[in-house]
Structure formats: C-alpha cells, structure tokens
Amino acid sequence: MARSATTTATASETRNGGLVIAFLRRYSVWLIFVAVAIVLPWILPGGAARTVMSQIGVAIIFALAYNMLLGQGGMLSFGHAIYFGLAGFCIVHLIQAVQDDELIAIPIWIMPLIGGLVGLFFGCLVGYVSTRRAGTIFAMISLGFGEMVSAMVLVVVSFFGGEEGIQTDRAYGTDLFGLIDWTKDIHVYYLITIWAFVAVAAMYAITKTPLGRISNAARDNPERVAFVGYNTQRVRWAVFTLSGFFAGVAGALHSISFEQAGFEMVNVERSGAVLFMAYIGGVGLFAGPVIGAVLITALEKLITDVSHAWPLYLGLFFMVVVMFSPGGIAGVLGLHERIWKVDWRILGRLTKPYLRAAGATLFAAIGAVCVVELTHTLTNEEVRTTEMKLFWMATDAASVWAWLAALAILGGGIWLCRLTYPGARESYDNAIKTATDRALGK
Amino acid sequence: MEAVIFSIFNGLLYGMLLFMLSSGLTLIFSMMGILNFAHAAFFMLGAYFAYYLTGGIAAVLAGLFGGAGGELIGFLIALVAGPLLVGVIGALVQRYGLRFVHRFGHVAELLFTFGLFLLIEELVQMFFGKVPKNYKTPELLDFAAFSGGGLDYNFYRLFMLVVAIGIFVGLFLMMTRTRFGLIIRAALTHPHTTAQLGHDVPKVFMWTFGAGCALAGLAGVLGGSVLGTEPAMAVQLGPIVFVVIVIGGLGSLEGALIASLFIGVLNDLSISMDIKLTGFFESLGVDVVGAEGVMQDLVNLSSAKLAPVLPYILLVLVLIFRPRGLLGQRDV
Amino acid sequence: MTLALEMTDVRKSFGPTEIIRGLNLAVEQGERHAVIGPNGAGKSTLFNLISGRYNVSAGSIRLRGEEVANLAPHEINRKGLARSFQVTNIFPRMSVFENVRCGHLWAAGEKYSFWHSVNKRGRITREVEELLERTGLLAKRDFPAALLPYADQRALELAITLASGADVLLLDEPTAGMSHSETEQAVALIKRVTEGKTLVVVEHDMGVVFDIADRISVLVYGEIIATDVPGKIRKNQRVQEAYLGEAA
C-alpha cells in the first residue's frame, strides 16, 4: 500500500497513519470476520438462518476447544461433550433459579463465563485421571467417561430431566439500560458472536504462550519434552483443563440459545460431531476447526431439510477425509502456502486443472448422492411408496432407469476423477517446483 | 441362593460373550497396535447375518420338509457362515482400508475404525431398518437342560458357554503350541525381522484382522438372539468391550478373560440382587424419606439402576489405582 | 569436592537378563569423561539409567551428591542433568529457534504459564539467540527443523540439550553418522560450548574420544573394567583383551 508522500504532513500524522495501516494489515483476517459476523443477519434474514448462525458460533468455540486437545496437544478424545453438556445443564438450572427468584439476577451475558468454570472444574477432575495415559488408551478412557456421564444423566432425573431434558426461559427483564432484550433471537446471536470472538482470541493467544508451545512440542515428541524439564502429564492436564473451560463456554451459549439442555448434549454422538468438525476442517491449522464447524453445521441444516441420510453422508465424508486428506480442508490449503508465499500468481496455473478435478469430483458426488438416496427410499420401511424427488426431479426408486442413471453418473464421475486427478497433481508439483526455484533465486 | 447362582451363570455367559469380543480386539491390538473401534459393529453384522441366514434357510427347509428342523439347520449353517462372512469383510477392510491409512499414523488408523463403526451402523440402519429384529434362539435348542433350585438352565445358553470356553482354549493353544501362533507372536514384536524370515507379514496382518472380526461375528451369531438384534446393539456393547480391555490390561488375553467375566457377573448380579442404596445413605444420617430433587434420585439409586454405569465406575477406579490394568503388558 | 556423577554398584535387568552388572562410575565436576566399549556392552542402557528413562534394579546414582536413581526424567533434568540422543530427537515441525526455545522454557522459569505470550519475553529470546549463535545455528533460526541437513540437526540436538541449563551433560554418540570434516567441526563445537560443564560422552570414534576426553571409562558386559587417562587406557591390558580378544 503506497503511503501518500505529503511533504506538508506532520511527522506524528504519518506515524499514526502508518500504525493504523499496520494494524489493519496484521489483523485483517480477524477484522474481516468481525465485519462478516456483524453484517450476516442482515444478508440472510429469517429466524431459521439466525438459528443456524447461532449454532455455527457455538460450534466454532466448541471445535476450537476440542482442537486444543487434538491438533495442538495430540490427545484424541471421544468424550469431550461432557464438559459442553454439563455446563449447559448447570446454566439452565441457574437461569431457572433466577427466574424463580432463588438467585440474584446474574446477567445472561455472564452465564457463558460460569459455564466455562463448570467445564474447567470437570475438565480438571477428569483430566487428572485421564492424562495419566496417552495415545490410544487416553482415547478409550475418554470414551469411558463419556459413556459414564451419559448414563448418569439418564439416571439422575431430577437434575438432568431424563430423556426429555430440562427447559427454561432466558428472558428475564432487559439488560444494559433496556437495550438488550433476550427474547429476541438477534440479540442472542450477537451475544454468541461477541463471546465467540473473545473465546477464539483467547484460544489463539494461548497457542503463543509457553504452555501452548510446550503442548505442541509434547504432541510431536513427548520424550524430549520430559528431558528438557517438563512433566508431560502436567502439561496435558493443564491443556485438558483449559479445553474443558472453553467447551463449557460453548455449552452455556448453546443452552442459552435453545433454552434447554438434554442428554444429547453429553452423549457420544455429540463428542463424535465435534471430532468430525475439527478433523474435517483440519487439525493442523488454528483456523481448521473453524472451517469445519461452519461447513458441517451449514451442511447439516441444508441436507437434513431434503434428505434422511445426513449421518451417512457425514460418515462417508469423514472417511474420505481420513483416507485421502488427513490434514483436512485446512491441510489442503496449507499445502499451497509455500506457493503463495513466494508469488501468488503461480497459483493461477492451478486454476484449470483444479477446476477440472473439482468438476469430476462434483459429478461423482452427485452420482453417490443419487445412489444413496435411491437406496434409502427403497429400504425405508416407514414410507410405502417408492416415489421420491431427486434433485428436484420426480423419480421412482424402483425403476431400473433411475438406478442405471445413478450408477452411470457415479461410475462416470469416478472415471473422470481418475482422468483429471493426475493432471491436478502434476500441476501442483510443477507449481511447488517453480516456487521453490524462485525462492532459491534460480 | 439359587437365584444368585442363576445370576452368576447368566453373568458368566454375558462375560464369555464379552470375552469373545475382547479377545478378538486384543488379538488385533497385540498384532497390529490398532484398537479396532469398529469391533462391536462386526459383532452387530454377525447377529444380522445370522438372523437372515437362519430365517432364510429355515423358510426354505420348512417349505420343503416342514417341522422345526429347518430352523436348527439354518442356525448351524449360520454359526459357520456368519463368522466367515464377517471375517472376510474384516479382511477386505484391512487390506483396502486400514493398510492404506497406516502411513498416516496411529491417530488416522483409530479414526478410520471410528468412522467405519459409524458407517456400518448407518448402513445397517438403512438396509435392515431401525426396528429390532426378532432373532430367536432356534426352537430345538431352546429348552431347559436341567433345573437347579427351581430355575431352568437353558440348553442354548449352556451351548453358548461351551462354545465360548472352547474358543478361549483353542486360541490359547494356537498361540502357544502351533507354528502359526509362534509366527503371530513374532510378528507382534518384531514385524521386520519376521518379514525377513520369509513370512508375509502384511498377509498375516490381514488374516489376523479378519480372524478378530470373525470372532466378533461369532459372538454376534451366538449372542444376538439373547441380547437382542438392533442397530443400537453395537453402540451399547462397544464401549464396554473397551472398558474390559483397559481393565484387563492391553494386550493380555488372560486379563481380558478375567475382566470380561468379572464385569459380566457384576452386571447380572447387580440387576438381579438390586441392592438399594437407601440403607447406605441412612447409615450416613441422610433423611431418606423426605429427600427431594437430586437427593431423592441419589437415595433411590439401586444397583439395578446403576448397572449400566458400573463398568465405567470400575474403569475410573482401575485408572486411579492401577493404570496398567490387571495384567497389562503393552504400553501405548 | 563432590563428584558430579557417581554410580555405585548399579544393576539393571530386563526380565531374566542382567544388562548392567554392578557398575561403578565416578565423574568429577568439570571433567570431560568418555565411555567406550564394544557393541552390546550396555552403553545406551547406562545413559537411560542415568537420565531416568529406566529404573535401576539395584544400586545408587548420585548427581552432585543427591540420589537420583529412579526419579522421573523431568525431575532429574531439573536437578541439572541433560542428555542428547543418538537418534536425533528434535521437534520436527518447529523452527530451529522454537526448538531451542522449548528446550529453554522451563529453565527460564516459565513453567505452565498460559497468560502471556512467549514472544514478549525478550530475555528468553535473547538467551535463545545467544545459544543459537554459540552453536552456529543463528543464521538458520527460522528453518523448519525437519529440513535441516544432518550435521545441523545434530548441532540442534546439542543446542536443545544445552538450553535446559544443565551443567552435567550426557552426550550419546554425538558424531554418529558424520563424515570426517563434519566430525571435526562437531568436536570443535562440543569443546567450545561445554566449557566449564561436566561432560559424559559415549562414542565409538576413537579419534574423537582421545581428542575430547580427560578420562576414559571402558564398559564391557555391563561393568566398567577400567577408568583412567587416555594414555594409560590405551596400554591397559584388560581393555586390549576386551576389544581385540586374547591375541592382543
């Protein structure tokens, strides 16, 4: 960005102008997100959209909290939902207590902090026991705790509400001189957004602290970390506890948003969902889980509207990522970092081969969706008819033609993939080589 | 007293089923260092396959010959074909899936099996429906073998017990007495050396994984009619198998056996004896009758209500006091 | 003056096999002490025992008079002993600078703090840079560690070991796999940066051993059979027998 060379400008003016520009550059990504988050409800109006956006906000916090464990700490947990859920339950009870005048009126916007403390408490407790082991056993232990809490939630009905869960009403009066009205979804959305930014900024800052750095080191080489003076178990325990805090924040926001808490907030499905978001988004980059949270939450909403097979699609998507792109979406983007750091224009050469490969993938995906949907209609015991709508076309799932078409699209898509992927791969390799050569000054 | 013995019998049976599952899991883990998250899903497949095989063959034979013999024949065929089918699927999964993901590390392998677990569950739900299947024990085997203290001991359950014991003995003998077992144990700790001795280690891995899954499938064939055949069965049983493994000590067959039996018996005894915790709370001086809310729930707890949670409480205790597990050898 | 490191009748068995059989070793403060011996004598086991990776089956290990046998590695490190590894053991995904900084954090008093950025600690940055300069890695400070050439990785290994501020250093075959010129540079580096510290080195390269060491101990079948100055060790009959067999 060119600085205006005004000779009449005073020294302090140009210095301040320079500071502002530097600030904008450094935090540009954050500022863009702030802008988008603020403006979004006006671009996509409507209650349903707002609910999804609130869910996305919560998911972002939860997925990033989870990644403190997985991506940064190297700990795979199958039971992280318990901090999310327990915080949610506590918050619902708190809100209800305020409603029943049993408690002083704690403002709603402090509730997520309290939720975080609940998560911190349980994270500390469970973490102390779990972090004694690492790797696969740690994962199994986390699953065990997850199941235990899930089972207890159904037993202690008075606190957890059994299978129905517990409900409350978050609207007690107005806050901040009558400006905030918690009956309005839009206000809750902004509450979530603000908390999301605070949480994300905090988690990002933690990665740059001594604990964050040592946690990364322990992920890659736990033995070495011990030999430079750190008790690796303590490191993992500390990270686990902090991760529980942020999961609790997310859980509290979730409960505030939906005004309820139920056993589905602590169960293995919820733990699996956040695992999927973090992994598909990419555990290696800080922003990866954010990508995953946004994508999966949005997709879930879109797909469950038109199909019953969302869990199957999610499972398939996850398997594809595990097998072919373990770095997730962020990982794929990260592979190109070396290129654009040298000269972003080299990326231009990748457009055509990538577009071709993407088109082939899309084709194959459509074919797969057709097959899945047809199968689903045929095997669905609840629905009598075999008629269905596939991509806005009325089809009969029992007809041979529909099946032939679906299989042909799928087969053709796979064939096209095999055709186009080598080309994309080659152009990537060339781009890397060009970038490396240029960096070395050839 | 007779009721206690009866419960112990049923508990041992449940424990042996758990052992069938955990032994396959231990085998795979000892061999390849992979904890097969999808193990319970193969168990579920075994049950479903057996249901359809038994039903299909029974229908065909009943049509031809009449009588209930078709059911028994169908079951016996399923007893062999079911595990085989599941084992083949397992071997294929290892060959084309796990082996491929191996290069990405342990976490990727575990996540692959996790995803596989969910995938199989979804597919089963899609193809076979969400409603539990009426998978019954074959009529000809469903009789009282003998009575003990006024309670009938079902022949089928005895049959299950015998098969399970036979498996353990067979496994133990195979691992310690046969050349094949020797190769497997060598490949466990020194895969490269074993490969250099001319043994096809990848193939050993594939067949071991298949065998482990076949064991799970066998447990499904046998246990499906007793425990219920529905898509949720894998999710219910899966975590308990992992608890068994961790408590028994990773990599130890004997440990898995002890832990399985213990948890099985604990489960059945706590349900049948239904010990109420009110007495315990009374001794603490808690006002049992007037308790409200959470206290009311806690005070009314009984061992039957706690039964699903007990294995996990056990897990926590073991982790605190003996993290290695009972007979653990391999450290992860 | 208390010995920097003293091992008394140390034994270590793995199952029925006794690897270390009554080992006695005395290393003086500020000394450069080499441990040599034929393959399989138990040199890696020795280091693993001292550094806490293994527990002893019997015997005592004292660090400056304080008993450290069977302590956890991080506890031993905090008492002032650090080790390097024969197979390079660095943090591959981090830059050179970050590698050394991670090695330095505990010694610098940072512990588990998560409330301030590690970049704001100017003192730590300076100390790390100083260490990088002493080990000749300052120019490559932002390189990803995994991409360094082998000799530089070994230098980084050394730098991480030094970063923990310990003054008793165990170096496990520091010149393993190096060419002749690389070895010369490595030896010069080691001498330079371990000025004033106590050094215990396991090495196979006799040239390096005789160049660096003040005293040499010879480890054979789990026992130290001789400890002396290099000149005398060369002439020691038992040593010759151990290496060359009876026909010496």
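Residue numbering begins at 1 within each chain, and the chains themselves are lettered A, B and C in the order written.
Heads up, the rule we're going with is that contacts are C-beta pairs under 8 Å (C-beta built on N, C-alpha and C of every residue); 3 or more make two chains touch, one makes a residue touch a chain.
These numbers come from a predicted model, not from an experiment.
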**Request:** Could you name the chain whose Cα mean is nearest to the mean of all protein Cα atoms here?
**Result:** A
**Prompt:** Among the chains, which one keeps its Cα centre farthest from the Cα centre of chain A?
**Reply:** C
**Asked** Is the number of contacting C-beta pairs greater for A-B or for A-C?
**Response** A-B
**Item:** Between chain B and chain C, centroid-to-centroid distance (C-alpha), Å
**Value:** 49
**Message:** Can you work out the whole-Å distance between the CA centroids of chain A and chain B?
**Reply:** 34
**Request:** Averaged over CA atoms, how far is the centre of chain A from the centre of chain C? Could you give it in whole Å?
**Result:** 44
**Message:** Where in chain B do residues touch two or more of the other chains?
**Reply:** none
**Message:** For the complex, give me every residue of chain B touching chain A.
**Reply:** 35, 97, 100-101, 104, 106-108, 110-112, 114-116, 118-119, 122-123, 126-127, 129-131, 235, 239, 242-243, 245-246, 250, 292-294, 296-298, 301, 305-306, 308-309, 312-313, 315-316, 319-320, 323, 332
**Prompt:** What residues on chain C touch chain A, complex-wise?
**Reply:** 51, 53, 72-74, 77-78, 82-83, 85, 89-94, 98, 101-107, 110-119, 160, 163-164
**Request:** Note which residues of chain A are touching chain B in the complex, please.
**Result:** 74, 76, 78, 129-130, 132-137, 139-141, 143-145, 147-148, 151-152, 155-159, 268, 272, 275, 279, 309, 311-312, 315-316, 318-319, 322-323, 326, 375-376, 379, 381
**Request:** Could you pull out which chain A residues touch chain C in their complex?
**Result:** 205-206, 208-214, 216-217, 220-221, 223-232, 234-235, 238, 242
